[in-house]
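Below is one structure, written out as C-alpha cells, with a few remarks after it.
Just so it is clear, A, B, C, D and E label the chains in written order, and each chain counts residues from 1 on its own.
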Amino acid sequence: MALLEVNNLSKFFGGLKAVSAVSFDVPQGNIKAIIGPNGAGKTTLFNLIAGSIRPDCGSVRFKNSSIFGLPPYRIAQRGILRTFQNIKLFPNLSVLENVMAGMHVKGRAGLAAGMLRLPQARAEEAFISEKAHEMLAFFNIGELAKRNAAHLSFGQQRAVEFARALASGPALLLLDEPAAGLNTQETAQLASQIAHIRGKGVTILIVEHDMSLIMDISDEIVVVSSGQKIAEGKPSDIQRNADVVRVYLGEE
Amino acid sequence: MIRVRNLESGYGALRVLKGVSLHVDKGEIVTIIGANGAGKSTLLKTLASIVRPRSGTILLNRAPVVRSSAETIVAMGCSLVPEGRHVFGAMTVVENLALGAYIQYKRGKKYEIEEDLPYVFSIFPTLLARKTQLAGTLSGGEQQMLAMARALMARPGLLMLDEPSMGLAPLMVKELFSVVRRLRDEGKTILLVEQNAKAALGVADRGYVLETGRIVLEGASRELLDNKDVQRAYLGKEYRKINE
Amino acid sequence: MLEQTVQYILSGLTIGSIYAIAAIGYNIIYNATGIINFAQGEFIMVGAMTAITLSAFLPLPLAILFAVIITALLGALIEICCIRWLDRPSVLRMIIITIGLSILIREAALHIWDEKVRSLRFFTGNEVSSVSVFGAHISPQVLWVLGICALIVVLLNVFFKYTLTGRSIRACSSDKMAASLCGINTRNMVTLSFMLSGAIGALAGCVISPITQTQYDCGTHLAIKGFAVAVFGGLGNSMAAVAAGLIVGLLETFSITVMPLAYTDAISIAILLLVLFFRPSGLFGNREAGRLKEF
Amino acid sequence: MKRYISILSLAAVVAVIQLGSTLCGREYYLTQLTMAAYYSLVAVGLCMLMGYAGQISLGHAAFFAIGGYTTAVLTTMNLQAHTSSRIVSLLVQCGLAKPGTDLYGVAQLSLSPWIALGGAGIITVVIAIIIGIPVLKLKGHYLAMATLGFGIIVYRITLGTGLFGQADGISGVPQFTIVPGIAIGGGFANKVINYYIAWVMVICGMLLLLNLIDSRVGRALKSIHGSEEAASAIGIHIPRYKLMVFIISALFASLAGVCLTHYNGGIGPSEAGVMKSVRYVAIVAVGGMANLWGTLIMSVLLNYLSLRGYFGSYDDAVFGAILIGIMLFAPDGIIKTIRTKVEARVKVKVRE
Amino acid sequence: MKIFKILGVTLLSMGMAISLSCAKKPAPQQVVKIGALFSVTGPASFLGAPEAKTVQMLVDQINMAGGVKGAKLEAVIKDTKGDPENAISFAKQLIEEEKVFAIIGPSTSGETMKIKNLCEEAKVLLVSCAAAEVIVNPLAKYVFKVPQKDSQAAIKIFETMKKMGISKIGVVSSNTGFGNAGKEQLEKLAPENSITILISEVYDKTATDLTGVLAKLKSKKVQAVVNWSIEPAQAIVAKNMKQLKMGVPLFQSHGFGNIRYVKEAGEAGEGIIFPCGRLLVADLLPADHPQKSVLTKYKTDYEAKYQEDVSTFGGHAYDALMVLVKSMETAGLDKEQVRMALENLKGFAGTGGVFNFSADDHNGLGLDAFEMLTVKDGKFALLEQK
C-alpha cells in the first residue's frame, strides 16, 4: 500500500493553472522523483504536499488519512519532513541546536518545565542531544556540532539540513532540489547519503533537476510540464519517452 | 566585444561559477546552454555587475569592468534582459520603454529616442497595440517582448538575454526566436542563455555548455547539436560513475 | 446644525491634510527603499523652525524656500550617513536607526533653538481673520494648508508620472535590479527620495506652523499619526494616504461629538489597529493591485 | 553546575557592590541600582521577545504601566467606607485587606499588595492574549506600528482617566510586605533589603530565561526567528510560541512595574510613554539583541547612569546617539563586537 | 566562560568607581546645598527652563552679596524631564548623597506628589513650584508650595464673571496636571458662585486645532469660555475662537502668565481676561505697592541676563528660593529652625504675592495675590472693572 497518495491535486494562481489534476503514489520505502523543466510547476506541487501552499482541490492522503489543506506544522507532526531548495537553516543556532530543533515534535517539555529545568525536561534534553549527536555522526559532521550554522560551507549546510529533517525520524522525507549548487563530487556524496537514508526505512520524495542524480537513485519518476503530469515510470522508461525528450530539449 | 577569463562568483557560502572563460565577438550570437542550476543566470548577472565577481577579469570593449556598477555597464553598451522579465508592472508600456532609454536621455540623445520607439514597435507590433496598458497586465510573452524592447531602447552594443523562452507557449517561443534572428540579421551582438537547447543552438553561431559552474564544451552550434554530451547534460543519459 | 457640521468637516479636513502630508513623506521613502523613516516628523519640525528663524531677516517666501532646501539637504545627509552604505539591513535595524535619528534631531533642535513654542506668520491675514464658508468660519491659513496639500499631491503625481527622474524613482521602487539594468543609479534615486520627503515635510511644517505652532518635540506626534495614516491607507500608496488622512481627520473631529476629547488619540489609533488586523494591507491596499503595484 | 557559574558570579557581583558601598558609607548608590534592576527586568523580558523570537515591540512600556497602575489603583483604594460590605469583611478576615493609617493620620483600609500582584498578573496575561493574537500575525513595519499603537492607547488611557490620576499619576502607594521584615518600598532605611529583593528577582528572572533559551521551547522560539518557514516545516506551531513568549515578556514587564511602583510609592503616565518603550528597545539593541547577558549589563549600566542624571538634559540625546551608533557600526551589540575585535586581534598576535 | 570575564570586568570597574567616589573630599562646610528639581527639558520644559535659569541667577546674586549667614549657596539642579520616576531618583540622591539643606521644585504636581512622602520622611524641606492643592492639603510638615492656589484663581474668575453678568460658561482644559486640577476646581466652585458650566471638555496638550471642540461650545450658546491650560494650546484657543467668530469673552488661567503667549496669539489675544500674579504688570503698579520693587528687580535682572521675557513660572522659583533664604536669614542654618521660621514667615513680598505662612497654611497666599489682567494692544494691562 502506498504511503502517500496524491489524487487530482490542483492549484490555481489567479487564472493560471500552476498544477492541474496531478495524481501519483509514493509506495512505502521507495524513492520517487518529480522532474520537469523550469516553471513546470514541480516546486508548487512539492509545496502543496508540504502544506506551505494550500491546494485548491484534489486529495492528499498520508498513511491512509487525509492531510489535504493542513498547515505545514501539522503535516510535520504527522511525520512528513522536508528540506528547502535554498537551504533554510536557523542561522542563530548552532549546528547541534539546529538538529535538536528538528526533534521538536518528539519532545513534550513545556514552558514551565523548560524554565525550571525540571528533571523530566532535563532527561528529555539529554536524550534529544544524544540523538542529535548520532544524527550528526551519521552525516559525518559530528565535529561541527558547536559551530554556528550560518558559518558553514554550502555542502555542510546541506548536510545539517538533512540531519535536522531526519532527526525526528520521519516516515516520508521531501527533498527540494538537494543537489542545487553542489559540485560533481558533492553530488555523488549526496547520492550515497540518500541511499543510506532509504536504508533506514525512510520513504523519499525528491524534486530535482540534476538528471544524472535522479536517474541513478530513484525507483520511479514523475515528469511534469506546464502543471500537468506527462509521464510516470522507471528511469530507463523515462529516458526513452518521446514526450520527455521533447519537453527537455525543446522542439525544433 | 566581451572577453571573460577565470570568472568566479556566487552568493554567500555558495560558489556558483568556478572559473569561467568565454568571449563574444562583434556581430556574433553566442549561446550558453546547460541544465537548471548550472550557473547560467549567475554568469549573466555577474557580467551585468548585478552580482559581484570574486575573481577573474571581464573586458568589455577591451576595458576592464570588474569593479563597475550595473549602471556603468549599461552605459558602456551592455544590456541584460533578466530572467523572469522584470518589467515595471505598475507602469505603462511606453513608460517602461522611456526608462529603457534612460541613458540615452542622459546623453541628451532625444532625437535617437524618437527614432528608436517606432523601431522597437516595428519589431514587436503587439506592444504598439498595448502602448498605454500597464505592464503588469500583459501576458507572459508580451512582458518578455517588453523587457527585450526596453533593453533595446538603450541601443546596446551587446544584448544579453536570460532564458527568454521560459514559461512561454511554444508559439510564443517561435516568435521570440524569429525576433532574435532578425536582430542577428541586423548585426546585433547577442549573448543568449537558454535551456531550450535546440532552439538556442538553432539561432546561435557558437555555443558554450555550462555544467555546475564550469564550461565543459564549446564550439560551433552545429557541432554542439550533434554532440552526445549535450544530451547527457540535459537528460543524464549514459550516466558515468562519479565515484570512479 | 448645518453650520456646525460644516465646521467639523473643515476642522477635520485641516487636521487630516496635515496627517496626509506627513504620510506622503513616509510613502516616498518607503517606495524607494522599503524603509519607514521614523524621523519624518522631525523634517516637519526642522522645516518650520528653520523658516521661523530665517523669517526674522528674510521675506516669508524666501525663508520658506531656504527652509525647504535646508531640510532637503538634511534628508540627503541622513541618507548618505546612515542608510546608503548599509548592506541589506533588516527591517528591525532600520526601524531602530530611524527612531534613533528622530530622537537625535529632536534633541539637537532643543539645544539649537530651545523649548519655547514658536510660530510662523500667517501667510495672509492674521490670527483673527477668518473666512466664512456655509456659515462656518475658518482661518485663511486653513485654505493654505488644504491648497498646498492638494498642490503637493498634484505636483508629486506630475513628477512621478511625467518626468524622467520621477519615473526613475518609481522604477527603483518597483524593481531595483531592473532599474539599474536600465542604467539608473539606484542609490542616487534613494538619496533623492530622502531629499524629496525632507522638502515636503519642511513645506508642510511651514504651512501648518501658523495654525499649530512649532516646538522642538512637535514632530513626534505628527510622525506617529502620519505613520498610522500611511499604514491605514496602505503603505506606499500616496493617494490612499491622502484619503486615509482625511478620513482620520474627520473621524477625530466627529468623535468629539460623542466621546471626551481626551480619548481622541486612543480612539483613532484603536480604529487603525482594527483596520490593520482585518485588512493588513491597509484600507485601500488591494491585494491584487498590491501584487501588480508595489508602489 | 557549569551553567550556573555565570549566575553565581552575578550574585557575587551584586553582593560585592552592596558590601563595598556600605563599607564606604555610600549606600545611596543602591537606590538607583535597585531601580535599574527593575527596569532591567523589563529589558531582559523584551530581549527574549525581540532578540530570541525576533518580534519587535514598540509598546512594552505599556505592560510595565499595566502592572504598575493595577497595583497602584488597588492598593491605594480606601475601603474604609465599605467596611460593612461582605466582600470587604471577608477580605479583612483572610488578611487580604489591612486597616491602617496613612502619613497624615487618615484611617485606611487597603487591599493587600498580593491581591494587586495577582490582579496585575491576570490582567497582563489577558491583555497580552487579546493584543498578541492579532498583532503577532503582523510582520516588520506593521508589527512595529501595531505595538506602537497599543502603547499609545495605554498611555492615552492612563493620561485621560480619572481612576489613574490622569497626568499626575498615582502616589501614596504603600510598601509591599513580602514576609514580615522584608518589604518592597518603605523608607530610606530599607535600601539594602530593597536592593537585594530587586536583584534576587533579576537573578531568578535571568535563571528562568537562560534555562528557557536552552530548552525545547526556547529552541522553538529561536527557530521562529531564524526562519519561520523552516520552523513550521519541523512541526512548530508558530502562533502558539509567539504568543507564549509575548506573554512571558509582558509578565516580566508587568512584574517590574508592580515592584517599582511599590518601591517608588507611586507611578506616573510617563512610564507608559512611547519614549520609555523606545528606551527598552534601545537597550536590547545595544545589548546585542539575542544576548541576555549583554542586555542585562547594558540595561543596568545605562539605566543607572540615566537615573543618576549623569546625562543631564542630554539624556534622550545620548540614547538616540547610542541607538544610531550601535545599529550602524555594531549591529550585534556593543559587547559582542568588542569581543570579536579583541579575539581577532589576539588571534593575529598568536599567529605572529 | 566569557560571561564570567565580562562580569569580572564589570565588577572591577564598579568597585573602582565606588572607591574613586569614596576618595572624593567632603565639601567645605560653609556651603549650603539647595537641591532643585525642574523639568528643564521634556513636555513641561516651559515651566522648568525659566525656573532653573531663575535659581541659577539668584544663587549667583546671593553669593555675590556674601551668601546667607556667611555661607555660600550651591544650587544642585537636576533635570527630571517631567518624569516622576526621575524625580524620585533625583530626590533620593539629593537627600542622601548631596545632603541638601532643602529642595525646591519640582515643576509639576505629579512629580511633587511622588516625592512629598520622601521629603516628609527624611525631614527635608520641600518648597514646590507646582500649583495643585493636594500638595499642601493634606498638610505635610515639611512640604510647602509657592504658586497661587487654583481655587483662588477660579474664585477670582467667577467673581469677575459675576460682575460682567455672565452665568453660563463652557470650560476647556488640557490633559496635563495643571489642566486637570483647574478643571476640578472650576467644577467644584461653580455652584457656590452661581455659575453654570454648560460643557466641559479636555483636549490633548499637543492638540493642533481646536475649532472642532470650540464649535461644540459655540453650539451650546455659552456666555464665556474658560480655558485652563498651558502653552501652546492657550494661543490656539484664542485664535480659533476669533476665527469662529464666537464673540464671547475668553478667560484663561494663571498659566497665561507670559508675554510670549500674547505674542503667539497676536491680535487674537486682545481682550483675554485672566487672573495672575503681579509680575507681568510690575510697571503698572503704584510705587508704594509692597511687591513693586521685588518685581521690577527680578524682571529687569532676568530679562537682562537671559534676553528673554520673564514668566510667572520663573517667578515661582524665585519665591521658592527666596522664602527659604529669608527663613534661613532669620533662623540660621539649622533645618528644624528654618522650618519653624518658614511656617512663621509673614508679610514676605514675592513675585506671586505677599506670603503669610502659618502652621496650617503652607501656601501663604490669599485671594489678593491675584490681580485680574487683560490684554490690551499686545500688552498686559489691569482689568478695569466696570
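Rule of thumb we're sticking to: a contact is a pair of C-beta atoms (placed from the backbone, for glycine too) under 8 Å apart; a residue touches a chain by one contact, two chains touch by 3 or more.
Remember, predicted model here, so these are calculated numbers, not experimental data.
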| item | value |
| --- | --- |
| Chain-contact steps, minimal, separating chain D from chain C | 1 |
| Joint neighbours of chain B and chain A, given as chain labels | none |
| Greatest separation from chain E - chain, by CA centre | B |
| Winner on C-beta contact pairs when A-D is weighed against D-E | D-E |
| Chain at maximum distance from chain D, centres defined as averaged CA atoms | B |
| Euclidean distance of C-alpha centroids - chain B vs chain E, Å | 75 |
| Geometric centre distance via CA averages, chain C-chain B, whole Å | 42 |
| Distance between the centres, which are taken as Cα means, of chain E and chain D, whole angstrom | 33 |
| Touching two or more other chains - residue numbers and ranges from chain C | 110, 260, 262, 265 |
| Pairs of chains satisfying the touch condition | A-B, A-D, B-C, C-D, C-E, D-E |
| Contacting residues of chain A [partner chain D, same complex] | 50, 52, 71-73, 76-77, 81-82, 84, 88-93, 97, 100-102, 104-105, 107, 109-111, 113-117, 121, 124-125, 128, 164-165, 168 |
| Chain E to chain C touching residues, read off their complex | 41, 43, 45-46, 49, 175, 201-204, 206, 208-209, 211-213, 215-216, 218-219, 231-232, 235-236, 238-240, 242-245, 260, 264-269, 308 |
| Complex contacts: residues of chain E adjacent to chain D | 1-4, 6-8, 10-11, 14-15, 18-19, 21-22, 40-41, 78-79, 81-86, 88-90, 92-93, 95-97, 108-111, 113-114, 116-118, 120-122, 132, 138-140, 175-181, 202 |
| In the complex with chain E, residue positions of chain D that touch it | 5-6, 9-10, 12-13, 16-17, 20-21, 24-29, 31-32, 35, 103-104, 106, 159-160, 165-169, 171-172, 187-188, 260, 264-271, 293, 297, 307-309, 312-313, 315-316, 335, 339 |
| Touching residues on chain D, where the partner in the complex is chain A | 208-209, 211-212, 214-220, 222-223, 225-227, 229-238, 244, 248, 290 |
